[in-house]
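Same chain, two partners: chain A is paired with chain B first, then with chain C.
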Partner chain A sequence: MRAAPRAGPDSTLHVPWEWHTLGNGLRVVLSPDPTAAVVGVNLWYGVGSRNERSGRTGFAHLFEHMMFQGSANVPKNRHFELVERAGGSLNATTWFDRTNYFETLPSHHLELALWLESDRMGWLVPALTEETLSNQRDVVKNEKRQRYDNQPYGDWDERLQAMVFPSDHPYHHTVIGSMADLDAATLDDVVDFFGTYYVPSNAVLTIAGDAPPERALEAAARWFGEIPAGSPIPPLPGHPDPGPRIGGTVRDRVRARVPLPRVLIAFRVPTFLDPRFHAVEVAGAVLGAGRASRLYRTLVRERRVAKDVASFVYPLITGSSMMVIWATGYPGADPAALEAALVEQVEGLASATEAEVARAVALTDTRFVRMLEQVSERADLLSMFTFLFDDPDRLNREMELIRAVTGEDVRAVAERWLGPDNRAVLAYEPAP
Partner chain B sequence: MARAPVDRTRPPASGTVRPFAFPSVRSDALASGLALRVARLPRLPVVASALVIPAAEAGLEESSAGHAVLTGEALEGGTRARSGSELAEALEGIGASLHVSVGWDATTVSLSCLADRWEDAFALLAEVVFRPAFPEEEVARVREQQLARLRQRAMDPGSLASDRAAELIHAPRIPYARSTFGSIASVARFDGAAAERLAGERYRPRRGGLVVVGDVDPDRVSDVADRVLAGWEGGAPEGRDFEVAPRFREATVHVIDRPDAVQSEIRIGHTGAAMRDPAYHPLMVANAILGGTFTSRLNRNLRERHGFTYGVRSSFAFRRSPGPFSASTAVATEVTAPAVREIMAELSAMADHGPTEDEVEGARDYLAGVFPLRLETTGQVAARIAELIVYDLPDDYHARFRERIRSVSRTEAAEAARRHIRPHEATVIVVGAAAAVAGPLEELGIGPLTIHSAEPPEPPEPAESRSGEG
Partner chain C sequence: MPQRKAPRATSRARTAVREERPLDRTRAPVLGAPVPLALPELSRFTLSCGVQVALVERHDLPLVAAEVLVPGGASAVPAPSAGLASLTADMLDEGAGGRSAVELARLLEGLGATLDSAAGYDDGHLTLLALRPRFAEALTLLVDLLRRPDFDEGELDRVRRERMDLALQLVDEPRAVANDALSRLLYGPDHPWGPPLLGTRATLARLGSAEVAEHHRQRYHAGNVTILVAGDVTEGELRDLLEACLARWERRATPPCTVPAAPQPDCPRLCLVDRAGAAQSEIRVGCVAAARSSPDYFPIVVLNTVLGGAFTSRLNTRLREEKGLTYGARSGFHARCAPGPFVARAAVHTPVTDQAVGVFLEELERLIEEPVPDEELERAKHYAALRLPQRFETVGDLVARLAELSLYHLPDDYWAGYVRRLMAVDAARVREAARRYLDPRRMTVVVVGDRAAVERPLRGLGMALEVMPGAAP
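Here is the complex of A and B:
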């Protein structure tokens, strides 16, 4: 039996893995860990909102819902029911670049997950009906209302993406899409999308946890091996390379039913595939992760001009990615003053100290190791690194890459990508 | 590779079940009366710790509602040895994160860090809890942030619905009628003296505990805890346990008017059951069937059959005293009344007829099966062990959980549902456009309907001018 995953602050990670490719092109990654009787199954499909053609925004996500509506041998509702009855949990998420489906189960139910996933990868179409499409369209529209339309600031990502990415770029529109486009989706669209993108060669299957690799591989081949390979997926719509910077400071000012003023600033930054991405991630953490971060320390604690602050970097892969920071002001705060306070901290990054960078690295590091405690996260990360980098072992080197970021790297991020030639500023003010 | 043909027409047989055991926990009591619980889980070099203190919102007077939460937040303001920023740098510089969470029944200070940093990080935790400084400017900031948060909650439809539900379900004198966030008046009254007083009186070891889970040596943890916590003594005043009473004896309907809402947030509930209620396990089973899983009756009906919602759930808020039962969802404005009708029908069906044998079997399998899945991380294990301290549960509670769940019969689940799910006493709260939803809701004939304003509170005056109240 192989060693269980190990990691230490002074050593490299040792998450075990094996990578095989079935005859139909399906990549299968196995990562055994016998310490608990739990297995994680993760299927990563290389399709997301970036693949949507115009007039069909939100479709990749609507399609994800259709994957739970039954397949040739699995009636509607049975998928969730069987996994729940087995004492498992499951879900799926749609993102710009990918859609992932995952189950965590007591390990003696591994084959159940493989049966369910292979049935819908191979034989979804016979189960599709107008009725389930209409039902799930309503469900997704309610999801949009609940998470976006009925929420204060609920349209922030739509507004920022539209400013950061040009109208012909695949990230110009959101994953949730528009109501009109959801209404326009047809059953033919579902069939086409399935045949185009849900093919074995456009997917990675990871089985992590209490599953001996030889048995897991044999089972994966048994359930997935006979699914036809499919064709290579078509090129992305639009123009995937927007250039490294926005080309100025663009603005959007919104008066809306929001409780407090909030200013968000977004920047175009290198993609997750770019070796400089780790420096961007660490720069984002110097700015906004934790209570010793620049934004929290200065804006929240010392000057008390912000009620809360945030910073995050999207790990996107198409041409450019996006970094976002925000500050929420107290009642009556002037958005222009909030923006100036944010900009001052961003510009201050050009003189970030080694101690600040060390703190950001330590936080990012610990969070990464803690994520590995869960078999579902390990499986998802292995699928991701295999799909994007052809390299599951990247998981084991990720901490080294984060630790290699220097103060100089962080200062270079500020200089290259956080300047006034690359900002999208979105300001919310409470409507009177 | 040669492959055996597969039969896709039915679910595959399961493999051999591997036994599961809750991690073994070493129990000690420190001289102060603090319980010590250590579980060694060496899989990854991480440690999760939780210091549980019985400083709780349920024990406070209404005039100081929210002060346990605020005192917990003000802890990050610094210690007698270092400022708030220095404290944050000391913790984050070693990759440790300290999180204070305060609820109805306890204050829990959680610490997560890499194993080789545990002793340093734990010393910082102790410094934060035993030697807090509560500098006035930090306390003022925490107070202003909370007042702003109250304003945000009042304009966020989901939070507004939950807060109003608590208020309309419980009799006004019951702590659970309030929000743990406090009210504008009680938050405005919070200052450095209030924080000092609360911490001085209630940050006491008796009936509290320290839980440490991860790649640690239990002997070493005992030694360090004894040394670092030496001299800590006493116990907090109680008050966490009380009788609950409903605000209304019969079913009522309340519309909180947001004229421009595109959706209605719905809460339907009434007083429920306590964590230590003998019906706890049967209620878990009944609720899993009603609204606790994706394939529950409520979700199948409202989401998968009618497409009314993205999701609907029901839950019992098990606390030291009986917390509320509620079903919650968000639906498009035009289907608000039909959605309420369907929820009420499902509650009645469950209360009147109970679940089927097959449903009970499915729920038992689900609850027993997912239990170990939620014990993967050191933080999850520490949280489970901390519950034993907060709720005075026996040490073998988790070890026996699955066995107890597997023993729940249909009759037991039906009886628990009949007693604790009471649609005829339900309070229906709808945050939405009253002009569109009030008429159709009234036609359902559930009970008297009242329309309330959803106007957010005015921005508070500077807190200094109010601090003399009470």
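Here is the complex of A and C:
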């Protein structure tokens, strides 16, 4: 057993971990670190918007809200009250492929988190009411209004996903879903969803920080051990493999309430599970991370055709993932010219230099080490690598894999996945 | 999915279950004793140029964070030059020490380092984060930015244009429109905190490289800055590094920075900014409240936690968890070098705008009228006090805590006494603070929303209503 996380001579990482599986299939990962009297608890469930059936988009996220509305032994509001009174912070997020729930607490409150999490994993149903469902439906609809409907460019992901993924693919719709589908959700849906996906064998529990592994494991087994295992998870709806490329350049042009024109381009790329994903991530960073990146240097600084630029890659796992780049133009800019400028940089990636790749690797590297500073992030990453790769130690090899990306790998990304046969172009123009 | 490897040690877990007494799930588990907060050790030294340095060593991860704190910020700039502090900070990496902006970015990013410079209301700052083996080199570049920026007129033109267009862009961001309108109303157009930190299109148009260079000359020198470092570096290493690049750095007199008193309204105000067809109304309720040095600081922290500082606070409980009118409601006291604003906020569904404003005002009134019940008060105090360890988690957190001590002249044992002082706050002090800072008769309410839908209901609240056509960029 190693002690706290520590760095090797070349700044490689050694985050300690232990992995156990309870009789009901719940995977438990422990990562001790006595540096601060803080413990992070993370529950990662293998369910997200990709599991939603047609007519119920947005449901996985609405369900996540219902997990905070009390369980058999925890009245509504008590969950938040108890954690806050303990000086903890908590939240949950819903994503395409998973839903995670997490608390960070002073370490002597570990069992409080385990009690709350196990009560809702095992005994959510007795607490469900029409009243809380209706209240949280209103909250979620307000979340959609606030973050999407009342924001300039707020519907960009809905539009891009619909272009990048075919209509029968689980990523065709967004995590937030549609208002009509949120309205259609019933209490029976909540009960079914819970019984199907919120079972120990579809989850990873990670406890990171100031908790001795022996005691943490004993406590995890005590609180979670008696929850029934549940049935195997049903197959995904639709067709999970969309093929490697979009098959052309598809376009969407929107006149909207936006102050400045913006052009976004999305590409289908290999998934997070694919060994080539690191090269895609580094290629994205060569294009758009930092001020020496191709997009910033050229479009913003040298040619001054863009006010800001961005690039990112989603770590999705179902068939294909998505890379997105964008540029916001100055008032009156022509979207076609912005698109041409973006495309030129994307195509230029086919001749990316070793120095450019080294810069992108260094940035990606530092970003990864920074994530390990917080127990909550460390716990989340351990849950993720355990769930997706059956391998918590992948966390300790991740930097090696990023550093192994070469110029040739990045150039191959440009050739294979960023060509005109694999682009979705979305242009926003200010409405007159 | 890859093939599953056999997980280890499944048997230990089951043994553990058998040894335990039956579980009582009906109540929260009994807790062990809290682990006392071990605050990291702080060392201080002064460089030969007179600059003070504070360091917290931490060697668990190969990371170092550093901040150069430059007191002043927007507080040091008169309103007609609004945006100057922020523009100056932004210009530091646009060429310095004989290197172009692109060369600087290439070098820094090649080191995997992140270096940001920005200005707030009370300070400008450069923050650096680097892996240990590359920290020394990155720090040298930081010092170039700090001491030898070019402020090239051509680069300035571009940055100013980006900022003017950002100001234009923000006119369509309802949150920014609401925040800016509230600041303008609370402090007035002539106060340094009236306009946004970014400045306005009008003030930005007046700022050239002469103004930027002069602001830099007045603030960015050895007589004004403090350096804060945390992470995987020793005191000896750091001292040598800093002496090597700051040895003969010039000290100048720093012009005093006195923030004028804000106007105090004698009646409540309600201001509606039209955003036709908006799906939601952005609501702000605020007043000019307290400075960071206020003796009411700890009662204010508790008061705000009860009202809107946490998820279970009154505003969020009523507006979200009981009524479903919003995704979330929060409040905060922005304590600065002079009395900063108290701001409560939520984005609510358009048809319930007036109802939500009514709830905000009721909750302020209730804190003045009724003492906070014991259970609720204890929860708020524990929440605020026990989260302290989380504020010391990363090297970036540590540097931020050091900067807070330095900027607001707090003693080195401030964090050690923090929990005790918070826990000493009682219901009477909270109510007194509420009377002093949350009087609904002194509140300014801003609503950014669909005038056609919300004006008539808002008039029903019985406050004088001022309608603004939309924020001027």
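By our rule, the second predicted complex is superposed on the first by the 427 of 432 C-alpha atoms of A that agree within 3 Å, B and C clash if a C-alpha of one lies under 4 Å from a C-alpha of the other, contacts with A are read in each partner's own complex, and residues count from 1 in each chain.
We take it that a contact is a pair of C-beta atoms (placed from the backbone, for glycine too) under 8 Å apart; a residue touches a chain by one contact, two chains touch by 3 or more.
Just so it is clear, the structure is predicted and the values come from calculations on it, not from any experiment.
S.K.: Overlaying the two complexes on chain A, which is it for chain B and chain C: clash or fit?
M.R.: clash
S.K.: Can A:149 be said to touch chain B (first), chain C (second), both, or neither?
M.R.: both
S.K.: Quick one: classify A:84 as touching chain B (first), chain C (second), both or neither.
M.R.: In the superposition, A:84 touches chain B and chain C alike.
S.K.: Given the touch rule stated above, what does A:18 touch, chain B (first), chain C (second), both, or neither?
M.R.: A:18 sits against chain C, while chain B stays out of touch.
S.K.: With both complexes superposed on chain A, which partner does A:389 reach: first (chain B), second (chain C), both or neither?
M.R.: Only chain C; A:389 stays clear of chain B.
S.K.: With the two structures laid over each other on chain A, which partner does A:373 touch: chain B (first), chain C (second), both, or neither?
M.R.: The answer is both, since A:373 touches chain B and chain C.
S.K.: Given the touch rule stated above, what does A:273 touch, chain B (first), chain C (second), both, or neither?
M.R.: In the superposed model, A:273 contacts chain C only, not chain B.
S.K.: In the overlay, answer first, second, both or neither for which of chain B and chain C A:316 touches.
M.R.: After superposing on A, A:316 lies clear of both chain B and chain C.
S.K.: Per the contact definition in the header, classify A:160: touching chain B only (first), chain C only (second), both, or neither.
M.R.: neither
S.K.: Thinking of the overlay built on chain A, is A:128 touched by chain B (first), by chain C (second), by both, or by neither?
M.R.: After superposition on chain A, A:128 lies in contact with neither partner.
S.K.: If you lay the two complexes on top of each other, which residues of chain A touch chain B in one and chain C in the other?
M.R.: 4-7, 35-38, 72-73, 76-77, 80-82, 84-89, 104, 106-109, 111-112, 114-115, 118-119, 123, 134-143, 145-147, 149-152, 210, 218, 221-223, 225-226, 257-260, 290-292, 297, 300-301, 304, 307-308, 328, 330-331, 355, 358-359, 362-363, 365-366, 369-370, 372-375
S.K.: Once bound in the complex, which stretches of chain A touch chain B?
M.R.: Contact set of chain A toward chain B: 4-9, 35-38, 72-73, 76-77, 80-82, 84-89, 104-112, 114-115, 118-119, 123, 134-143, 145-147, 149-152, 210, 218, 221-223, 225-226, 257-260, 290-292, 296-297, 300-302, 304, 307-308, 328, 330-332, 355, 358-359, 362-363, 365-366, 369-370, 372-375.
S.K.: Going by the contact rule set out above, which residues of chain C touch chain A in the complex?
M.R.: 1-5, 7-10, 12-14, 16-17, 19-20, 23, 25-29, 31-38, 60-63, 93, 101-102, 105-106, 108-114, 129-133, 158, 161-162, 165-166, 168-169, 171-174, 232, 278-280, 282, 310-312, 317, 320-327, 347-349, 378-379, 382-383, 385-390, 392-396
S.K.: Spell out the residues on chain A that touch chain C in their complex, using ranges where they run on.
M.R.: Its residues touching chain C are 4-7, 11, 13, 18-23, 27-28, 33, 35-38, 72-73, 76-77, 80-82, 84-89, 104, 106-109, 111-112, 114-115, 118-119, 123, 134-143, 145-147, 149-152, 210, 217-218, 220-223, 225-226, 257-260, 273, 289-293, 297, 300-301, 304, 307-308, 328, 330-331, 355, 358-359, 362-363, 365-366, 369-370, 372-375, 388-391.
S.K.: For the complex, give me every residue of chain B touching chain A.
M.R.: 1, 3-4, 6, 8-20, 43-46, 76, 84-85, 88-89, 91-97, 112-114, 116, 137-138, 140-141, 144-145, 148-149, 151-152, 154-157, 260-263, 265, 293-295, 300, 303-305, 307-310, 330-332, 362, 365-373, 376-379, 456, 459
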